[in-house]
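One chain, chain A, links the two complexes that follow: it is found with chain B in the first and with chain C in the second.
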Partner chain A sequence: MDKYVEMIRMRFLMMLAYRTDYYTGILIYSINIGAYYFLWNAIYGEKSSIEGLTSIQMTTYVAIAWMARAFYFNNIDREIAAEIKEGKVAIELIRPYNYLGMKTMQGLGEGIFRFFFFSIPGMILVALIFPIQLPYNPVSWGYFGISLLLSFVINTQINLLTGITAFFFYNNAGLIRAKRVIIDLFSGLILPISFYPFWAQDIMKYLPFQGISYVPSMIFTNGFSGSEIVYALLQQSVWVLILLIPIRLLWTAAKKQLIIQGG
Partner chain B sequence: MNNAIEVTQLRKEFKSYSSRTGLRGAFRDLLTRNYKIVPAVNDINFTVKQGEMVAYIGENGAGKSTTIKMLTGILEPTSGKLRVNGMNPHREREKFTRTIGVVFGQRSQLWWDIAVQESFRLLKKVYKVSDQQYDEHMGHVIKTLDIGPLLDKPVRKLSLGQRMRCELAAALIHNPPLLFLDEPTIGLDVLVKLKIREFLKEINEKYNTTILLTTHDLGDIEALCNRVVMLDEGKIVYDGELDSLKNNWAEQKEIHFQFMNHVNLSELKSLPLTFSAEWEYDEKDQTYIAYLKEEDENISQLISVVVSQFKIKDVKIHETSIEEIVRNIYEKGMN
Partner chain C sequence: MFYVTMFFQYMSQYMKTRLEYRADLIVEMISDFLNQAVNLVFILVVFGHTQFLSGWSRDEIIFIYGFFLIPFALFSSFFNIWDFNERYIVKGEMDRILTRPIHSLFQVILERMELESLFGVVTGLVIVVYAGSSLDLAINWYDPFLFILFAIGGALAYAAIFIAIASIGFWSDAKTSIMPMMYNIGNYGRYPVDIYNKVIRFLLTWVLPFAFVGVYPAAYFLGKKEWYAFSFATPLIGIIFFTLSIFIWNRGIRKYRGAGN
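Moving on, here comes the complex of A and B:
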């Protein structure tokens, strides 16, 4: 266990070494949130609520969805692909640890860093500029925390899956880009799931993506009632378990297939 | 357990794709690709005893690194049997990797952007080394390799020689009984090479560490290894003592002279020597080359006689390289 904690710390240190990159990041995210804020204001106009969300809830949804993204988002898939291309996995395989486990911990280290240096200051900044309603109830914060952690796990699992494909297709950059667009679209980051047409919602119910952004954001904005929250958390947990299966299968196949590039 | 490494009929094949020519060829490549199966390691056998230091040599592309990757559990062999430290490296990977140390000269295993000591700290945790063990063992390693002042520097700011010493230290954190070194001295200057050789000799004596190293530097082998395993196109072509290999195949040394004044080749040929030496004149570089067998004090005798008679501008002793030995073996056949 020790080594995994150490790996989180390590990644944290690495991020700290490059922290200036992040100040520009906060600005970009704030601009994004601002753009969506004005867009939604125009759409709402005189209406007090659409699909069960008031305009303040909508603003809060947009803000929290982007700030949560800073935590769950990582480039583990691209890192894995690069390590395979450059033959660096060789080094990882002579270590007595689980490569994918270590990659996950690196993602978590990155997530924790961004949570403190990005999401929190970013949220304070956004709350000062836009009308946002934070949950008063500590229980909602608790549910939100759990849900956010699960969303990190699901997103990372999907990243691991996309990353491992580099073992089979030497160049999987296109796949990685496609995955990114799919997640931004189907996770509810850009549009809450309840705004999609019913047939699309029906399909999305059977996909893991809404566990990444829609669920934690809805919990935060009080868009879910008590039993809906529990159901949503359960659904996230089930996806975490289901996704373990293809990861395991793909990884076993990948190790057999492995060819190390370079001398 | 007596043998650190046991290899029987070990084989690794790679698919090597070839592209068809032209546009039509490119389209056909999309559907089916031409490939050949190339054995990089071709049914080899050898064993290494605990505590031995073995040089694993051969020309570029001979299959050395591929063998090491199988021995360390990174690649799965196509066929053959493999027992290293009593385990199957690929099957029992996590347990197995605790018992080996690996250095790839061409590839860093330290984390690029952060201080060396952070990498050490992580590896210490990964290998579950206690504080006491670490202080005792690594304290010594750090002192011997003289890397104390480098520990708080990020790896990307180290020179190649500095980094390589840190790499070596990193591979030894858990004091493994078996060490694989794939070109550990590549690109290093003489002083760093000497330091690394001294160090390897010392840990071999102190802990009876088995060392398998690949290198293109005959000096490394002479300093460290009695035994040489030579590979060519995936097959072992020699397995035995370094001395007999050199006596049979290194044949000659070349000594290159440049003189201040003009010298006739015949004057050189008639120098009083107790052995025979052949002379040649290389017009392009204006150098005179003496070929002689490397025995007794031949070299010092030759040089001292030449120096006493002519004014010298430059002398170079040309070491026979591993590549030349391999070529000799191939041209003249084994035994």
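Moving on, here comes the complex of A and C:
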């Protein structure tokens, strides 16, 4: 266990060394939030609410969705692919830890760093510029925290899956890019899932993606009622468990198939 | 003339290298296409909940987006200089560029071409034709020519912003993240400027003329008379900003001292 905590700490410190890169990141996210803020304002126009969300809730949704993304987002799929390409993965596999577990911990270290140095200051900045309503109920904050953690796990699991495909394809850069677009669209980052036409919602119900952005953001904006929150959290947890299966299968297959090209 | 032959030389060389790795090329084009599709999906879903966006209908917004893709594709194929600072200044590559017999900016452009982005022109045209025909837009004989003129004007305006920012590298070789920021601000030009507040509208028109890439030129084809003055200014704005950016670049070259070994 200690070694995994150490992994988190190492990655955190590594990120800390390059923290200035992140100030512009906050600005970029704020610019994006701004674009969607104006767009949604125009969309709302005279309407007081759409699909149960008021325009202030919508602004809050956009802001928290982007700032939460800073926490759950990581590039471990790209890192895994790079390590496979360079042959480094051979060394990693003989080290006394679980490779995928270690990658997850590195992602978590990165996430914790971004949470404190990106999400929180970013959220404060955005709250100063745009009209945003923070949850006043401490219980909502608690639910939000749990849900955010689960969203990190789901996103990381999907990243592990796409990363492992590099064992089979060698060049999976295109797949990684496609995954990113799919997550942006189906996770609820750019549009709350409840805005989609019903047939699309029906499909997305059976996909893990809404656990990444839609659920935590809806909890934060008070868009879910009590029982909906519990149901959504359960759904996220179930997805965490389900996703373990393909990871396990793909990982076993990948190790059998591994050919190290130099290294 | 020499410039034209150089251009085609580099272009054929580029095609050869890219076609060597076809699978990679196709994947890249698909992921570009996916990106464009996501923005379209956003517009479509949003208009499931509203009739008008500040007085613009769904098909009009789609038309603007389609138009935007065309100058944007031209820009990203030929002005792929977002990593100019790291690639040329920090690594000292600029020294090599300066020994070449053609203008330094032209040399950089030739080396950094990304012709597969031109596929965006096709996507853009398909979207424009689709939106245009569902709006029943009347087409005059001179409209296609204006379309080309406006698209080039928009691409020049876009390029000018990035050339000017790349030139900052000549004065300071510190790593800046202004480039990715600009890409994100550029997205503001995809939507009608009347949804923004006055300050942003002013910025998008006169400081970072991203509005001339999408909404202003597209307004002419949509028959929005109140924007005509801006529409017809598009090529002019493109030329003025582009000339200005070349001027900044040339000044920067004189300041350039070289880095590395």
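Just so it is clear, the second predicted complex is superposed on the first by the 262 of 263 C-alpha atoms of A that agree within 3 Å, B and C clash if a C-alpha of one lies under 4 Å from a C-alpha of the other, contacts with A are read in each partner's own complex, and residues count from 1 in each chain.
Following the convention adopted for this analysis, a residue touches a chain if its C-beta (ideal position, glycine included) is under 8 Å from a C-beta of that chain, and two chains touch if they have at least 3 such contacts.
Everything numeric in this text was worked out from a predicted model, so none of it was measured.
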Which superposed partner A:G87 touches (first chain B, second chain C, both, neither): first
Partner chain(s) touched by A:L27 [first = chain B, second = chain C, both, neither]: second
More chain A residues in contact [chain B versus chain C]: C
Which superposed partner A:R177 touches (first chain B, second chain C, both, neither): second
Which superposed partner A:N41 touches (first chain B, second chain C, both, neither): second
Residues of chain C touching chain A in the complex: 23-24, 27-28, 30-31, 34-35, 38, 41-42, 45-46, 48-50, 52-54, 176-178, 180-181, 184-185, 187-188, 191, 195-197, 200
Touch list for chain A against partner chain B, complex: 2-3, 6-7, 10, 13-14, 17-18, 87-88, 90-91, 93-98, 255-256, 258-260, 262-263
Contact footprint of chain A on chain B as seen in their complex: 14, 65, 69, 72-76, 93-95, 97-98, 100, 102, 104, 106-109, 111, 113-114, 118, 121-122, 125-128, 154, 182-183
For the chain A and chain C complex, residues of the former touching the latter: 21, 24-25, 27-28, 31-32, 35, 38-39, 41-45, 47, 50-51, 171, 173-175, 177-178, 181-182, 184-185, 190-191, 195-197
